[in-house]
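Chains: A, B, C and D, in written order; residue numbering restarts at 1 for each.
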Amino acid sequence: MPGRLAGKRALVTFADSYMGPVIADRFDAEGADVVRDHSPLRDRAAVEAMVAAAGEIDILVANTAEPPHPTDVESIEDEDWAALFDKLTHPLMRVVRAVVPQMKERQSGKIIAITSAAPLRGIPKVSGYCAARGAQNAFIRAVGLELAKHNVQANAIAQNYVANNVYYPDEMITTDRFAQHLDRLVPTKRVAPSEETAELAVYLAGAYSTHVVGQVIPFAGGWATTPG
Amino acid sequence: MPGRLAGKRALVTFADSYMGPVIADRFDAEGADVVRDHSPLRDRAAVEAMVAAAGEIDILVANTAEPPHPTDVESIEDEDWAALFDKLTHPLMRVVRAVVPQMKERQSGKIIAITSAAPLRGIPKVSGYCAARGAQNAFIRAVGLELAKHNVQANAIAQNYVANNVYYPDEMITTDRFAQHLDRLVPTKRVAPSEETAELAVYLAGAYSTHVVGQVIPFAGGWATTPG
Amino acid sequence: MPGRLAGKRALVTFADSYMGPVIADRFDAEGADVVRDHSPLRDRAAVEAMVAAAGEIDILVANTAEPPHPTDVESIEDEDWAALFDKLTHPLMRVVRAVVPQMKERQSGKIIAITSAAPLRGIPKVSGYCAARGAQNAFIRAVGLELAKHNVQANAIAQNYVANNVYYPDEMITTDRFAQHLDRLVPTKRVAPSEETAELAVYLAGAYSTHVVGQVIPFAGGWATTPG
Amino acid sequence: MPGRLAGKRALVTFADSYMGPVIADRFDAEGADVVRDHSPLRDRAAVEAMVAAAGEIDILVANTAEPPHPTDVESIEDEDWAALFDKLTHPLMRVVRAVVPQMKERQSGKIIAITSAAPLRGIPKVSGYCAARGAQNAFIRAVGLELAKHNVQANAIAQNYVANNVYYPDEMITTDRFAQHLDRLVPTKRVAPSEETAELAVYLAGAYSTHVVGQVIPFAGGWATTPG
């Protein structure tokens, strides 16, 4: 049987980091032609050349990751602060900017940003990370509304408490202290398997999600239920 | 091939109204054993008997519908106001209450309420409808957090601008006036096909959505992007 | 000096319960002519007679309160569920409905509902309370948008962790267990004095808040930061 | 009579732009000792020297402004994008970072960021502005939660449709086209006078708002009711 993404080409950025590997593998299993990019998306010309080389992109998985250095707000270092925007916020804009023209021309496309639920709730001592991720979420909300009438659906998966190699290394999530943290703060009491993010991404990349645009989707085990 | 819901039994309420038909058909096509209920869910004993007769329920699709009578707030009639709670809010509680014991006992289950995005934004002249639907959304949020640790995932699809026989009859959505309304207020500029709600429900009913609990999911073509 | 509400008449409902006493006293101190109502707002005719007797009402403080009976969702009793709507949701509608005609006629008025932040976050085991308060919040959001063009500003103070005689009796908030609860869940680590709600109400009742309409204002010591 | 901010020193940044003038004047009228800063807050050392020179700061009004250059997302220029973060996001962090040590030491302080409601809703063609303002809002939410236990209250006024010299010049808001825009999109149908933001800031700067922390307050005439 054909997969749910058969005949589609998907570009996955930061393909060996955060949710890149699991999404790329899953999209491949669903029949997509997956282009895995490993660049830092740090330069306009390089990003545009990479996108041009990828050819027709039906689905962009704009995955970005950079761990925060937890610190009190008064101790934020300029270079740590800048690094978060340089590795999260600006790369997202660059790759979205580069793929939009072809999607608008074809009047079809999916943009799925993998971001964070941290800015939805606010987390002490990682205010810089919240700021850089909050910028991503706000950017995608605006872009989603802008592109909706062109039949391009842009959304963000704002996740937390999902297994991944950047924020939840095994040596962290297997400690007693972390178990207590989960018990106190996360209604599901656990870290979700990374396949769950991949399944949500398949849904958003599929044919039946045209009604979801400009949405920042909390995906965090009930930690960040959005008022509604 | 087996469908994505093979081996699961799903109870769909209000099965011939609102999103009931399309979800029941789609779950059936995905291999679920679908029990279609057509009762108004208006009495505790009747609801509990119906649920008992349905046997093991893996998935509850708590679909409810009742059209509002648009009116200025000062002209709300007591009986119209009461009808909205009697046909939307209280039925939802009754059917959820009835299915929870077996789900908790099996430590497994999915509850998907089909509600409305109207209370997320607020709509003048349908304040009673917003209130009754807002009660549903708030109820599901609390229940979702309560049941999360029992491996029961409860969420609401808070939709608007999706085709259905209650709120968007064909004779309404084909008018010029409605086209102008869509153009002004809905970023996607259209009413989504009902199959899109069904697909989102399949996702929520499936094995890869355990991380989504207590969520009121805006599903409205960008009309109600939830801040995040 | 004249108070900030000099020359205004304010109707405060449930005047001896929840936030009624502190708001009535404070509005009085700010120069308002305060009408204290002690009725349960349980009947249309009685509410309308009470409002008619109050004369010209510039400010409605729609204060309502009813403690929840904490229970698992499957153990909700019909009469407890109904009581929450009968004592919170429906009374709010009745008194708002009764005061709106005169406010629209004068093209001027303030409606301040004192509700709860519980439905914003969702709280396990009080799902009925969340539902009834969620209905209030959704109602006020819709009414606020409806009345905005008539220069009537309707908003809700959705509070939690503020001292009051209904939800936080002294014998509760002075226990060690409650101190631990605050330490874990409330960023400010304390229950706010009731005067703080009164001050927010004075702001909303005053001349410089015409830009705030249909807003459900989280007021909960950081427990319910609304995404934005 | 003494003003409501008598005995307090307030630092107002961007004092001749956006909401700076009206807030500075109003705080002065309320008895505060107002320090008006006109620097771009573009360098750590300069910001810290300015804050040191200001002495004991009880209230920081972190006002920042930079007009967006409306453009489709695919036409964003790197320098325009960078300018928004350089003039909005990073300056906010710098001045907050500089005042926090003295506020924590005194276990007392108020931080009021004047930001924008644009990222709450999402606005097509100003996605960069939404991103930079969204970063500010997310930053303040995290900082507010972090500082709450130190009796420092940090919040953001996320405004739109308030008169000011940067975003709503008189020649714009007096056109027919703008009147139509207001009629379609803003429930109050008007641009609020700038004094309203000043009054909200006085409330947040005062003694009775300790329960409001980490909040991004929509202040936009009902254009951006936050779900709740």
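Keep in mind that, in the parts below, a residue touches a chain if its C-beta (ideal position, glycine included) is under 8 Å from a C-beta of that chain, and two chains touch if they have at least 3 such contacts.
No experiment lies behind these values; they were computed from the predicted model shown.
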item: Labels of chains that are neighbours to subunit A and to subunit C; value: B, D
item: Mutual neighbours - chains that touch subunit B and subunit C alike; value: A, D
item: Rotation angle superposing subunit A onto its copy subunit B by C-alpha atoms, nearest 5 degrees; value: 180
item: Taking each chain's C-alpha mean as its centre, the one farthest from subunit C; value: A
item: Copies subunit D and subunit A - interface residue numbers shared by over half, same or different; value: same
item: Distance between chain centroids, defined by C-alpha means - subunit C, subunit D (Å); value: 28
item: Gap in Å, rounded to a whole number, between the CA centres of subunit D and subunit B; value: 39
item: For subunit A, residues contacting two or more additional chains; value: 119-122, 137, 141, 144-145, 214, 225-228
item: Of subunit B, residues touching subunit C in the complex; value: 44, 72-74, 76, 78, 81, 85, 89-90, 93, 96-97, 100-101, 104, 118-119, 121-128, 130-139, 141-147, 214, 226-228
item: Residue numbers on subunit B that touch subunit D, as the complex places them; value: 119-122, 124, 184, 187, 216, 224-227
item: Of subunit A, residues touching subunit B in the complex; value: 1, 117, 119-120, 137, 141, 144-145, 148-149, 156, 158-159, 161-162, 187-189, 192, 195-196, 198-200, 203, 206, 208-222, 225-228
